[in-house]
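Order of writing sets the labels: A, B, C, D and E. Residues in every chain begin at 1.
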């Protein structure tokens, strides 16, 4: 924490940094918008531009080829893939301890337990979802390929079909469906059933870490502080920015998302109590990698350790900003 | 409208005005009698082709009427053979298939029609070119294919728009004779357009001379000669007389309008 | 010798034209009415199929958002169309000038055409700046019909006319420059008008495709957020289950397409009215 | 009177044909070599731009996976194309038979054409079973060029020939049935061959589009997993950062497209070789 | 190959074989002299149009050569006026614009060419139809536009392929006279194809009669008559003699081949 008040940065010109997210601006990106809105990035000598993603945007590749500096990773699977494909990118922080990926089902249809979802023949999944967590569900729980139906990023088919199961984010879909369909769906957070990936990670190129570790550290620290402030401080300015980048975002949904993030401990739970937000541990990494090997996504001899570094996290940055209970 | 007893059709006070305002025919009266050979003669652009198209029902008069003896016009359509002024061959079909067309549209297979096609092609001297495509033919050969196509169906009424204009004299005379023989055989009626005064006299029973546009009938000449005409008739003095008479009417008509 | 033409003002507005306009509108109205009735009678929820009236209300109420997006999409569409037009026609002309170039490049054009733009759009983003990538997508989708049809048109010229031009269009001097010049003359005076009907048919196909190209490009490579087009609105509405707005955006797209198509059809009519079979009224 | 034709076997395989084949392949080879060289010399990593040799190796090594997907995509493409063909031609014929039908339905066809399929694919999934939805997408994309070009062709018939058929094709009896029969005869014997060149040009556009349609449909509505097409492989490769495989899938798509296009071009050549300007060798 | 002093071009042992194997010309020899009016006469399909196309450089001989006096052939191309056997008008251009074409390709604007266009159109009697489109014309009118187009550029060599076949006699005679006058004015050379023996004799200095396909020259007749021919010549006995002579050669040629 020594550097936090160093005046040296303030005098230097701000460094331009681009950060690509993996979806449209939403409360799940709140920490970064907070750091941007309240001047934390600037304080750390960074002039950050947040580049929102979208259903078919390809920010991951843009970071890889150097058009973006940092990228918000969705899960560790892509990070492991990068190792497999010799792509020199590294996870430097994990701002979500749990991936908010959920499966939803209609209540009272015999689909009220996670295992019972195996009886549905209409599991609506995106192609990404099929290629990732569903492979794990197959290996771990015995789900079948034939149960899957394509998900067109609209909940209408799910609402229309009571036997359907749909993927979604804990922080959004349950609300959308409740409002449109008029019922509260069952929500199964995959993380609670053993899908132990970190999420909303910060990834960057190995070359940047080697050439300018200081810059990486500043971005990770400032973002982490942003998350603390977003969750526990006054986040109205951040939300205004989110709404600017995504005019369709409503206050209601933001409030819902923030509430759910807290409720499920998406950002701040487990290891973060001691290590601070953004924490990662070798044990979690190994646990998840082994599960993915079992699911057939990776070969066991993959050197998955090259996909992350603990160099920039677990330093307790920002712990002081968390209100005492 | 009543027609004279032996008439098969009549154009009565026909006026034809095209969409762009050109008046092609005005007050045109013509009666076609059964089994006759009628020739239309007139300056270029006077409406001869228009008259043939009106008879065939391909065009409708702006005023006046085309009346058929007995039944309705549609009944006659498929008994009409038409040699258009241009060859209008189908570029995608070879010569034999082009000639086959009228029979094909009546349901005859290529095999059933083959004898008739061959006969018709040999009449115009194109047996050897049955497999050639239109673009491989000379101008006169295309026109001959078109003639073969009109003859192959043995029509009851034959409309011919300058069919022999692009042919050499020898072929022309031969086809003239052929046509007369065919007409006698089939007992059909021919309405013929030509620019050759000689041809009109040597072929037809009646020559109708038209005025320049807007076309109307300005003279009719009966060719009173033996039914079977040959070389004899063409060198007779009566032939020369008739030709001169027709020529005179024609040039008077054009002079009239120019004045 | 000939008497002067009495110039008439051409066809009047007749029963035929009235029908031509009344029929599709009548049918459209009927279809909309049936849709409205069905939705009301069967009580179909709006998130499955919104009623036309609801869509109309949405268009009105969301006009500020939708119109901004419409403008963005329209801009991409028109730019893509213009590029496709220029590119397609220039390539067709190039190909018609030199068989060598045609043989060499045509297979590449075909490859470009058959490769699904939606699949390569994310790649384009890696190699090109975003704006350029979006335009490239819109262009790729729309240019091939123009290229293909223009080539058909340029090649379908009457042989007699080609001979005519070979004679009158020949340069008095020889040499490659003179040959090129006479080639260009033939192109301009003969092949251009002769190719017009087929080219315009290609254009009719291309306007629709350029709209599709713009939407695909926006989906694949477009920015989200404030300055984003109708494609973004559609995805977002889908995601947010705002189905009435989704339909509103779709309807706006369809109307845009029909208007563009109508414009091309009108141009076609004006250009071909006097001479080409496909645009002539059947005369009797 | 005429001497019999000495039938010759037509043009021999000449320098021109050799060039026609050698040039594109030569250029292609050169382009691939340049690509390979560039990647090696500049040391471009495989995840930015894989070398052709790597892509080739990937195609070979991943052949079991890729070939299965290729088959799925090919099936969708061909089915979509056949449907587009049947639909486009039938509509064109219907429109050419009745102006009334044309006026009423054509605007709807245009609307269908200009509405981006990628935007409506998810909607189609709601109303239709999955297989049908995928096919519908592939169909929507490909059918319009066929409709539009076939209509152009059907309408561009020489006036003289229309007159000819009006005369010889007329039925001896009157009445609507007879009129329809004579219409159909004209359609078959006259308009069908006359429309062939334009129709084939439309088909050349449509093969590419049907492939695109199949990919878009798969992306939007296709199944993932075992029975999935190349589109899924592309998305999956993209997600898993398997760029060489992504390129391999794209190259397979392009090759498929070129082969389909080549097949249509060959058919075109065979059908038009003997009579249409666009397929004739320039004679002197 | 050396040409006779006053010759402007010569076809030497020319053979023309089309791609489908049809031999149109074989051993065809012809010398065209400066300022002469040469008529080609021959049966339909004998290769007359082919000869004109070879002269114009639109087609190349399979064997033999077309030699020009002095310079290369390309030099002459733009001095040739060609009336094709078919009108070949541009359907998208009106009559005046069609006639404008040769001048336009030489860089003359419509305004600069307007006097020449009007003059040329009035020569064929179509002043009133300057604004009409080809599809609105009769067959003979189209051909007249084509003639006007060839004349408008005042060519040094005029190739005419049955230009008057579709015209009535009065117009035809008028255009015959016009053509002779024009030729005298311009001092140009004319190679003319016709099927009318009368026309060939009344117009030309030399008549070349061709054999049926494969075409070759079988007879040449000099027409030794006063330079300025008019109605007088056409009724003279010399005229009749010459016509009969030409007719005889023609029918002999065809009979020969048929045997």
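Quick note on the criterion: a residue touches a chain if its C-beta (ideal position, glycine included) is under 8 Å from a C-beta of that chain, and two chains touch if they have at least 3 such contacts.
Just so we're clear, the structure is a prediction, and the values are computed from it rather than from any experiment.
Participant: Applying the touch definition from the top, give me the chains sitting in contact with each of subunit B and subunit C.
Facilitator: D, E
Participant: Please decide if copies subunit C and subunit D contact each other with the same set of residue positions, more than half shared, or with different positions, and reply same or different.
Facilitator: Over half of the interface numbering overlaps between copies: same.
Participant: How many angstrom lie between the centres of subunit A and subunit B, each centre taken as the mean Cα position?
Facilitator: Computed from C-alpha means, the inter-chain centre distance equals 87 Å.
Participant: Round to the nearest whole Å and give the separation of the Cα centres of subunit B and subunit E.
Facilitator: Subunit B and subunit E have C-alpha centres separated by 27 Å.
Participant: Centroid from C-alpha atoms only, then distance subunit C to subunit D, rounded to Å. What do you get?
Facilitator: 18
Participant: Distance-wise, how many Å sit between the C-alpha centres of subunit B and subunit D, to the nearest whole number?
Facilitator: That gives a centre separation of 47 Å.
Participant: Residues of subunit C that contact two or more other chains, please.
Facilitator: 1-3, 5, 7, 48, 118, 122-123, 126, 158-159, 219, 238, 246, 276
Participant: Which residues does subunit B have that touch at least 2 chains other than itself?
Facilitator: Counting only residues that touch two or more other chains, subunit B contributes 18, 20, 22, 45, 58, 86, 132, 135, 171, 254.
Participant: Touching at least two other chains at once: which residues of subunit A meet that condition?
Facilitator: 58, 61, 65, 152-154, 156, 160
Participant: Quick check on the complex: what are the subunit B residues that touch subunit D?
Facilitator: Listed in rising order, the residues are 53, 56-58, 72, 74-75, 77-78, 80, 82, 84, 86, 88, 90-93, 101-102, 104-105, 125-129, 131-135, 153, 171.
Participant: Please give the residue numbers of subunit C that touch subunit E in the complex, ascending.
Facilitator: Residue positions touching the partner: 1-5, 7, 158, 160-161, 163-172, 174, 185, 189-190, 193-194, 196, 274-276.
Participant: Which positions of subunit D touch subunit A when the two form their complex?
Facilitator: 45-48, 121-123, 125-126, 130, 219-226, 232, 235-236, 238-243
Participant: What part of subunit A is in contact with subunit C in the complex they form?
Facilitator: Touching subunit C from subunit A are residues 24-25, 52-58, 61-62, 65, 67, 152-156, 159-160, 176-177, 179-181, 244-248.
Participant: Please output the residues of subunit D touching subunit C within their complex, sorted ascending.
Facilitator: Answer in residue numbers: 16, 19-20, 23-24, 27-28, 48, 100, 103-108, 110-111, 113-120, 122-123, 126, 141, 144-145, 148-149, 152, 155-159, 197-198, 201, 204-205, 207-208, 211-212, 215-216, 219, 231, 234, 238, 246, 249-250, 253-254, 256-258, 260-261, 276-278.
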